[in-house]
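To start, the structure under review is shown below, and the notes come after it.
Labels for the chains are A, B, C and D, by order of writing; each one numbers its residues from 1.
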Amino acid sequence: MQTEFLRILFVGDIVGDVGRKIVIDKLDFLKEKYAYDVAIANIENLAGGFGITKETYDAIEPYFDAFTTGNHVWDKKDFLINIDSMNKVARPFNMPNTKGKPYVIVEKNYTQVLVATFLGRIFMNPVENPFILLNQLIREDLPTIKIIDFHAETTSEKQAFGWFCDGKVSAILGTHTHVQTNDEKILPGGTAYITDVGLTGCHGGVIGFKKQAIIEKFITYMPTKFDVCKEDLRLNACIVDINVYTGKALNIEKINEA
Amino acid sequence: MQTEFLRILFVGDIVGDVGRKIVIDKLDFLKEKYAYDVAIANIENLAGGFGITKETYDAIEPYFDAFTTGNHVWDKKDFLINIDSMNKVARPFNMPNTKGKPYVIVEKNYTQVLVATFLGRIFMNPVENPFILLNQLIREDLPTIKIIDFHAETTSEKQAFGWFCDGKVSAILGTHTHVQTNDEKILPGGTAYITDVGLTGCHGGVIGFKKQAIIEKFITYMPTKFDVCKEDLRLNACIVDINVYTGKALNIEKINEA
Amino acid sequence: MQTEFLRILFVGDIVGDVGRKIVIDKLDFLKEKYAYDVAIANIENLAGGFGITKETYDAIEPYFDAFTTGNHVWDKKDFLINIDSMNKVARPFNMPNTKGKPYVIVEKNYTQVLVATFLGRIFMNPVENPFILLNQLIREDLPTIKIIDFHAETTSEKQAFGWFCDGKVSAILGTHTHVQTNDEKILPGGTAYITDVGLTGCHGGVIGFKKQAIIEKFITYMPTKFDVCKEDLRLNACIVDINVYTGKALNIEKINEA
Amino acid sequence: MQTEFLRILFVGDIVGDVGRKIVIDKLDFLKEKYAYDVAIANIENLAGGFGITKETYDAIEPYFDAFTTGNHVWDKKDFLINIDSMNKVARPFNMPNTKGKPYVIVEKNYTQVLVATFLGRIFMNPVENPFILLNQLIREDLPTIKIIDFHAETTSEKQAFGWFCDGKVSAILGTHTHVQTNDEKILPGGTAYITDVGLTGCHGGVIGFKKQAIIEKFITYMPTKFDVCKEDLRLNACIVDINVYTGKALNIEKINEA
């Protein structure tokens, strides 16, 4: 029997081992509190802060229904080798000439959910135009419920994409900046929107990495190694409720849990 | 007689006529609710969305004690002509070879507050290094209480600057992205921090501007005019309480008021 | 009767009134010296240094068979209004959702020449992928002789595009940097290549503009007005000979004429 | 006895093993042809295309009097470890808070030559302002003859710096783009100038690297490995003659030798 709405948990960029730890530690609590139906997470920084490996993927795979990615998704060679067996991973949709699945379809409670990642382009490397390629997902044969992770740098591109997608998809959930924004809302056409879901990992550094080396780089301009930091662990996420008949979002709530 | 703490209201980027309107409309309510001692606002987008004119400055000057700025501060010629008479404006500190005041000193309740603007450099035009120039404000003869607006694009540069300044200034309050972040906190050394205070103006568009033309630009790549939008007006700000003896921040609270 | 080869004159970015003047002054001499069959010029900076107006277009229209453009092509509103009557202008091919002709076909000596502009993307605004869109010009029903202006910033993107197009088009002629490079050659597949054809206008400033204001901007970071400079006028161009049967380039020679 | 002028050979970015080979192969011929007094080379790409190692440094050290560098200079850890023993290397001058020598002083024929590297900032990582820091080299106690490698991306920043330095130093020789430009000249104040000296290494690829992988990256957007290519080896350089009494340049000539 279908429920009237489907509740989605979407976890913001999980960074490194501490990110994997906090997310696994917190999921029971979140499950109990929110009773979500579908769990999705952005994992572009899953392994050591950059990219994904088979081992780190396997460690969190059982806890989620689908994974979104980002500009760092290809950083580890191991990922390209193993991508075909990672069935829950949605590679960036607007990198069409690569391996990996353009989107993932999750089935829960007799309802299907399409999950996809789109990359922004402002202050990022060139990829295909997300505004133009979105159209390829607006088809009768695809699920009405569509959750899009828009992985982008600037607030302007994210807001523009959100408005552009309003009424066409169920949610545009921003990632990449690793800082949660305070602007979650349901747009007039029924699309849930937040500029950035935030960071799941160490909040005591710089976007999840040890601060001292990064500060030094800003002073000396020397290349530096980015090491995942370990303190002030927090899970950043949001909960989106979606009408299963219309695919419209009913509610969005952000989570910032220590 | 000195009070034990000083309460600062800091208003995020005021954009255009609707930004000026909402801020003037709301200040009575905020004054009553928060009883702040000092009011500061970022005004780089005060006039028509880009830059400042004498006329728009005069319209809001009476309501504030000091103003911070940003990368768009020089966009209107009128500003350069009249800058010497705009005593409350702190031009970007790390643009040292320009006109305007490098910082503003406000005196309230027998206590002095230094207000300055620093610009970031990642994905922005080159300016002097903010990390290196901060040192010029760490002097015995300057007020202990220092409020710094860090006007920057990326979360990494903002967080790195926040940690770098921790214990040296009273507050690092981010601006420029026009989206309020959900990460306000007091750093261990006593510096109040938020990645972005947000936008004071129309929240129904793209960073304060009409969405349709901007969406079209993302599809056609054609140059477009940025017009201030008019709906969903909100004031974004934060309140920071500062110990007047030590200059340390005691509390930071964000405001997102329709 | 067809000649065995067609000789093309391609003139690098014509900047402002002095650019228009030097090109008109020199064409008789070049015609006599090189007896070229087809004359093409890049005119993105034709009017006052940025963009094109109907008036400036009309001033040089009689001297050329086709015009290429660039990132600044839309800077003047007048251009958009009059573009439909400017039959010789090839707007950027990888901006497909705009007005203007995607390419121009010139007929000379019973031979057709396709002229197109492609924009680069590295350190430039997003547009469609030039490598992917090139394919749309590789069709039986289009002329075998194809002259492509690749208007791009970096040497790496230009060289990569040159090699990618080798054997597919007659010439990849770089523009945009306003400095002629010393690397003209015929690639193994028969495509003529040069990283940048150079600047037609004032060589006594900074990329065709008055140097003093630009130097000041590098020191003060203040916005500045770019005014076309007037001294050391030079015409930068190249001559490409093309086999009319195969479309292969036989020779490329650069011109740097005071 | 002092000669009337000093002849400088400046070799553009030496890339990888093939770059080291061609430069060593050609120096006898160049020495015979030009009888230069001082030999300088840019070696930011000496080792495998990125950075410098002790071993590759030692291989070419005997052939040159001084070396300039660039943005890639720190890419190999080995360099930082050994930099103190590499006496001929001028690290980027506008990275003041690093190890390495800010400039190198060469003595030949009883005449001293100062050699320094400055980095540009447009489309490059932030460093200190080259226009402002140049002043630190304009001192009575430093040699009158000053050869500056300006390692920068854009033609506008390079030309602006050239004009700014005119009359203050003997030569501004551009590097970094790996493509030689056709604009060498003596500026009115007596400074030799060229926008880019070019590439010493493989000219049959993309800026010295294998083209196929780079072309693929432009199509698929996937990260790729940059391998030094091996064909069409050329040495790019220039010869600058300098009046030993005034430090003014008398002549500049570019070299592009297969």
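Convention: a residue touches a chain if its C-beta (ideal position, glycine included) is under 8 Å from a C-beta of that chain, and two chains touch if they have at least 3 such contacts.
All values derive from a computational prediction rather than experimental measurement.
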Joint neighbours of subunit D and subunit A, given as chain labels: B, C
Chains touching both subunit B and subunit C: A, D
Between subunit A and subunit C, centroid-to-centroid distance (C-alpha), Å: 43
Whole-Å gap between the CA centroids of subunit A and subunit B: 30
Shared interface positions of subunit A, touching two or more other chains: 126, 129, 219
Contacting residues of subunit D [partner subunit B, same complex]: 121-122, 126, 128-129
Footprint of subunit B on subunit C - complex, ascending: 74-75, 95, 97-98, 125-127, 219-223
Sites on subunit D touched by subunit C in the complex: 123, 129, 131-132, 153-157, 159-161, 163-164, 177-183, 195-196, 198, 203, 205-207, 211, 214-215, 218-219, 254, 256
